[in-house]
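We just call them A, B, C and D in the order they show up, numbering each chain from 1.
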Amino acid sequence: MTEALTLALVGLLMALAVWTLVARDTFAAVSGFVPYGLLLTLAWLQLRAVDVAMTEAAIGAGLTGVLLIAAAARLRPTEAPAWAERPGLPTRVLAAIVSAAVAAGIGACVLLLPDPAPTLAPAVAQNIASTGVGNPITAVLMSFRAMDTLLEAVVLLLGLIGVWSLAPDRAWGGRPGPAPTEDPNSILGYLARVLPPIGIVVGVYILWVGADLPGGKFQGATVLAAMWLLVMMAGISDAPAVDRTWVRLALAGGPAVFIAIGLLGAGVAGAFLGYPEGLAKPLIVVVEAALLPSLAVTLALLLTGPPRRKDGDT
Amino acid sequence: MNTPTLLGLCAAVLVGLGLYGLIVSPHPLRKIMAFNVMGNGIFLVCAVIARRGAGAGMGGDPVPQALLITALVVAFAASALAVALVLRLFEETGSTSLSAQAAGPQPAAAEGEV
Amino acid sequence: MKGILDIFTIVAVAAGAFFFLAGTVGLLRFPDTFTRLHALTKADNLGLGLVVIGLLPQMDGVMAGLKLILVWLMVLLASATVSQIIARALRRGGPEP
Amino acid sequence: MPPSVPVDLTTPGGLLLVLAVLLPFVGLMLGFVLGGRRAQQVAWVTIGLGAVLVAAIAHRLWVSADALVYLLGGWAPPLGVMLRADGLSVCMMVLVMVVVIGIGIYANADFRTPDGVREKRAALTFWLLLLAVWGSLNLVFVSGDVFTLYVALELLTFAGVPLVSLDGRGETLQAALRYLLYALAGSMLYLLGVFLLYGAYGTLDIALLAQRVGAEPVAWGAAALMTAGLLAKTALFPLHLWLPPAHAGAPAAASALLSALVIKGAWFLVVRLWVDVFPGVVTLPSAQLLGALGASAILVGNVVALRQARLKLLVAYSTVAQIGYLFLMFPLVAGLDAAQLDSAIAVTGGLLQAISHATAKAAMFMAAGLVYATLGHDRTADLRGAGRALPMTMAAFALAGASLIGLPPSGGFLAKWLLLSAAIATAQWWWVAVMLVGGLLTSAYVFMVVVRAMAPAPLGWEPKVRVPRSQQGAVLALALCSFLLGLAALLPFDVAQIGRSGALSMGAR
């Protein structure tokens, strides 16, 4: 029964992947990509990776989908010329051979993986008590491999600096996205007033349960970012100007708190990113709570793109 | 054939498809989508590895699952930067072509030693 | 008691699945975007509602059931909004319906 | 402390490694929040502190004559992440520090926030990205964990790509996009290799992997994927097509950063993998393949460089060629290993090549930038007057060129000498031929540029701008570093090999 379900899932995944690659219209391809991401969520669930499934649904399918849809809509005029540049048959055949060889190699590697598989699950189980959290993935992300999480927050910040650096010089210090035009009767405006309170509760809740159950800062931050984007899309509030100090503080605050607590660990617990005995859980919650707004603002601003207009521009 | 193996093979095919799209698609936005398809295939390999490492009362090895969350977020940031570049290129030049200059399309043969 | 509830669940979820099927057929077969939206939202909201009702007796506690209902309400809100926006964009002269 | 830690591996001074990674990123965040010309000031304070830090690390390494190790969070691998700096890492850290300072001095004039302006996009971005490149490279050098290295590679990509399109012209945006697509494909292949390694051996730690990896299909697959991915990021022929437009189109300081340092990150990782992780897995033929690609890069890159009409493109293609030299060390290391000889000489040769190329190429790109500013163009056919207006800079260009060619006593000479000796010791005479031909081709274009620049200017010619002496001084200083690096042969022992026998005693052999 499970195998039949998996087979159906595999078939659908491959079909949608092929569709996103061959569909002539980019918009149509993107509308294949989003369900592809959602179906992948089912694959993570089948592999018992609930936290990953949540992240995939939120970021992999959700945010990436929005990003691609918006871009596809704006890039419509470039499709026909691009199609004309399609590489010739020899290149495509060569590419197909190379890709097929790579796929075959990976397939062989997957089949040849050792059995029983090596695992760190027992090591995590043995040491999780000292971190005070119940969700093993949170323990890995915030304690055993906290460095990766810290660096990842820096990656996001750096990505945003990269996106902002693409602004035209005249727009520097301005705001991203189109100017807001609120239609008081629009249903979007209604939604943008009703949904955010619920969304904020949900986002904070996901962060809070993340200590012991599936969930965490990335998933929670995505929900918060989505709420903010909704409010901006409805024209209720404008995107912030990129030279505002509060924006920059909000962006850098989370990683800064993380580093500060890490250094505290170097002084008190004997190791950078170590936590003093008994204080592990509260400190982890503090770091996650500090990362949440930073990540939410970063994710939302990554989607809105570089600054495009200054106040007073038309 | 059990579920992880089946999904592992599916992942291999997805990586192959993504790689093909990355090399062949002329439009950068399609390349970015192909990159995401390929990335998802790679993440699926990782999830399969995590599932195979189930033990100690956990449904999967939490270490690769945690790596996966990190990698997903990084991949999103990469996509966002790439899309922003494509849009800016379009604004600046009215085109998104990658081959206006002498250098040709992605060298397919170059991936040969993979 | 357990048996009756299980039968209720099966019937309700099956009915929900039928509405999803009908909605999907409508999406594929109807001639233009407006009618497709009609088919999709009506059928899916009803279908999801039936699935949720069917699953309620299987929940562990009141909280879990409430969460399930909240999910349904959220989907209703989102799909209604999105359909409205799509329809409005079309009427303002977007791409041909 | 956690019970899983058998012995505390952290060495005295290990915390310095953490600080070396964190400091640039803390500076980045602080500069980002303060903004405007404060960012530049913060960058300089950070660089100053960083120089002290790197000196302290080098001193520690010298005194202890062993690698520095730090367990992050107190967790030992395989559960935790370890930072580890051996002689190779520390040499690279010192190199990066020196080049960053040189580029920073040069960039002071180009990326200033003018008075009356609160904040300038290009200036702010440049200083933040300079710090980011520096921090990510430090992480690449000291990380002992293959997944953390993936994150480091992504950091490096995200720092490098916006540098390419700093001036916002369409062609640089296109170059940046192509660079990004290559780099992303490369990191994905690398990441897949990382996952496969974990699936097969249950650890991500380099030292533990070195113990556990055996010559079997999964390890071959992982090694092939990771290497292919990294080659795309280093721009080894034939994956080099993204490099020339990207490096030639960026502003001079950014080109210098990209060409001298950023590509070395992925190269360093290839060295780590092939020499430290996979020594028992990679075979001599595969190393020969890598060497053959390097040889092709040397020949193709140099020939194409000769035919370039613009100075910056010439310098960029010369980078393509010089990357080739960096990969000649692999067949030599494999050959020495196969002959049961000490492979340290080839590794040190490769490292010296990286160092001398980094300093020389940074000097050359910045010299090209000054020539462009002075003449208003950089057409190689008409460099008249450059020598008169910029004597210091053209001298620097010639010195850097001498290092690329491999004239004594330059670093390039010492590097090629070590590589040649290794080639002769292992009877791989064909690499000798490649290096000699490459040197001849390099000297052709270096002399061409210098001779044309020395030609007298037309009557009444005036330089477009007077470039600050500080910029000329920075260029000359970097070129001198490269030229005098050969004196490293006078050091009492091979600094680069400190802590490396330790790696091997923990490793497979």
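General observations
Here is the rule we go by: a contact is a pair of C-beta atoms (placed from the backbone, for glycine too) under 8 Å apart; a residue touches a chain by one contact, two chains touch by 3 or more.
Small disclaimer: the values here were computed from a predicted structure and weren't measured.
Any chain touching subunit A that also touches subunit B appears here: D. More inter-chain C-beta contacts link the pair B-D than the other of A-C and B-D. One inter-chain figure worth recording: subunit B and subunit C are separated by 32 Å, centre to centre, where each centre is the mean of the chain's CA atoms. Look at where the CA atoms of subunit C average out and do the same for subunit D: the two points lie 56 Å apart.
Note on chain placement: the centre of subunit B and the centre of subunit D lie 26 Å apart, centres being C-alpha means. For subunit D, residues that reach two or more other chains under the stated contact definition are 79, 147, 151, 154, 158, 161, 165, 168, 173, 192, 196, 198-199, 202, 224. Multi-chain contact residues, meaning those touching two or more other chains, occur in subunit A at positions 105-106, 113, 117-120, 124, 126, 144-145, 148, 152, 155, 159, 162, 166, 168.
Every pair of chains in contact is given here: A-B, A-C, A-D, B-D. Across the interface of their complex, subunit D is touched by residues 105-106, 108-109, 112-114, 117-120, 123-124, 126-127, 130, 143-148, 151-152, 154-155, 157-159, 161-162, 164-169, 172-173, 243, 245, 248-249, 251-252, 255-256, 259, 265-266, 269-275 of subunit A. Residues 2-3, 6-7, 9-10, 13-14, 17-18, 20-21, 26, 29-30, 33, 36-37, 40, 43-44, 46-49, 51-52, 55-56, 59-60, 63-64, 67-68, 71-72, 74-75, 78-79, 81-87, 91-92, 94-96, 98-107, 110-111, 113, 115, 117-122, 124-126, 136-137, 139-141, 144-145, 148-149, 152, 155-156, 159, 162-163, 166, 168, 216, 218, 299, 302-303, 305-306 of subunit A are the ones touching subunit B in the complex. On the subunit B side of its complex with subunit D, the touching residues are 15, 19, 22, 28, 31-32, 35, 38-39, 42, 45-46, 48-49, 52-53, 63-64, 67, 70-71, 74, 77-78, 81-82, 85-86, 88-89, 92-93, 97-98, 100-101, 103-104, 106-107, 109-111, 113-114. Subunit B contributes residues 1-21, 23-27, 29-30, 32-34, 36-37, 40, 43-45, 47-63, 65-70, 72-81, 83-88, 90-91, 95-97, 99, 105, 108-109, 111-112, 114 to its touches with subunit A in the complex.
Residue ranges on subunit A touching subunit C, taken from their complex, read 187-188, 190-191, 194-195, 198.
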